[in-house]
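Pasting a structure here, questions to come.
Chain naming follows the written order as A, B, C and D, and within any one chain the residues start at number 1.
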Amino acid sequence: MALEVQFFGQLTDKTGKSTVQLNHATNLIQLKEILFKEFPLLKESKFVIAINNKMATDTSEIPEHAVIALMPPFSGG
Amino acid sequence: MALEVQFFGQLTDKTGKSTVQLNHATNLIQLKEILFKEFPLLKESKFVIAINNKMATDTSEIPEHAVIALMPPFSGG
Amino acid sequence: MQLKNIFMEGSIPPSFIADSIAKHASKTGIGGHNIFLGQVRADEIEGKKVFAIEYTSNIEMALEKMHEIRESIFAKYEITCMHVHHSLGKVNAGELCLFVFTSSKHRKVAIDACTECVERIKAELPVWGKELFEGEGYQWKVNS
Amino acid sequence: MQLKNIFMEGSIPPSFIADSIAKHASKTGIGGHNIFLGQVRADEIEGKKVFAIEYTSNIEMALEKMHEIRESIFAKYEITCMHVHHSLGKVNAGELCLFVFTSSKHRKVAIDACTECVERIKAELPVWGKELFEGEGYQWKVNS
């Protein structure tokens, strides 16, 4: 259990849960492959990813014990 | 007593009163002559004039028993 | 025609604003409200400090003009409602003298309508403010 | 760094807004306040009526982002203060879910700062609204 992945908003409908624990993935490309295999509905979803509360890109490295947040388009207010 | 002339805002400082009764004047040019004679400080003041609550110009005719308002620049709010 | 009275004696209490907001809870088509509040500043002019503004108006003309502004703003913007309140008489520094409140389905409409209403009130309503100095003296307010 | 909490559980009561306004009476350099209020609409979508919105957030990230927005708006506009409150959890149609409050010496500054703040909140804060339908069902809110 090296990573925590959190889902927000409508993504929780696609995954059926708000958080999963994953073994380590070195970058987001690899992480998304793992997630898409477990939650195929995520593939069609729009979202941005934050690593430890910082917005990340596909090539961002993932530190040990990181908290990863998958966030769909915001709709506050 | 055919006309009522009302002064507003800083104009009351120039005239020392908020209203005067005047004999008839046919138009505003004539009215201003009368007022400037009685209240010379008005001459240096900026104001617009309304006749019976409608904005007027120098050549506007003045009906009998009209209420004339001399209003300096607005400063509400 | 019965003109809506926008004037109230003295300052506008915050509780009055809360009541006005609460009245809109039944209008469930509204998505955004915009409120502008004018507050009397304790400006210092050549060493003298404003402690209050005393407002007077050509009331009848002001209400007619406000009616005209209201009509033209309702024609231009898709607002659900618009409320305007302006003080007459003395309002102390720190107290509220103007309350403009617009509501609409969409936020931008409410904001734009409110802003335009405030500008027109300041420029077009025959209202005058006398800035009273602490101690004695006064000067007539000038709108920018 | 201690981040300011903008979130409150449930709707924002009008009395809370009045209290917030009243607190500014001692700031006698303020000439204008602008307030934006978001209200939950009872929209009808394909025959189903929204009776409430349930808000969730990535709270920590939202507070960091709000801090960043606050700093940049204070840098850009000469405002005296800015207050932001956003609901979490269920807010019924007709109730208030967002309260943005800016104050400045001059009205235009307060209005512009408030408007920019509202736009940025809607676009940049990780907050999600779930529109709950009467009877059953829901849909996820989309910001325009």
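Basically, a residue touches a chain if its C-beta (ideal position, glycine included) is under 8 Å from a C-beta of that chain, and two chains touch if they have at least 3 such contacts.
Treat the numbers as computed from the prediction; the structure is a model and nothing was measured.
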Smallest number of contact steps required from subunit B to reach subunit C: 1
For subunit A paired with subunit B, centre-to-centre distance based on mean C-alpha positions, whole Å: 74
Whole-Å gap between the CA centroids of subunit A and subunit C: 49
Separation of subunit A from subunit D, taking each centre as the mean of its C-alpha atoms, in whole Å: 27
Euclidean distance of C-alpha centroids - subunit C vs subunit D, Å: 23
Interface hub residues of subunit A, defined as touching at least two other chains: 77
Residues of subunit C touching at least two other chains: 38, 107, 118
Chain-chain contacts as defined at top: A-D, B-C, C-D
Subunit C-touching residues of subunit B, taken from the complex the two chains share: 6, 8-10, 13, 50, 53, 69, 71-77
Interface residues, subunit D side, partner subunit A - complex: 38, 55-58, 60-62, 64, 86, 97-98, 118, 121-130, 140-143
Residues of subunit C touching subunit D in the complex: 14-15, 17-19, 21-22, 24-42, 93-96, 103, 105-107, 110-111, 115, 118, 144
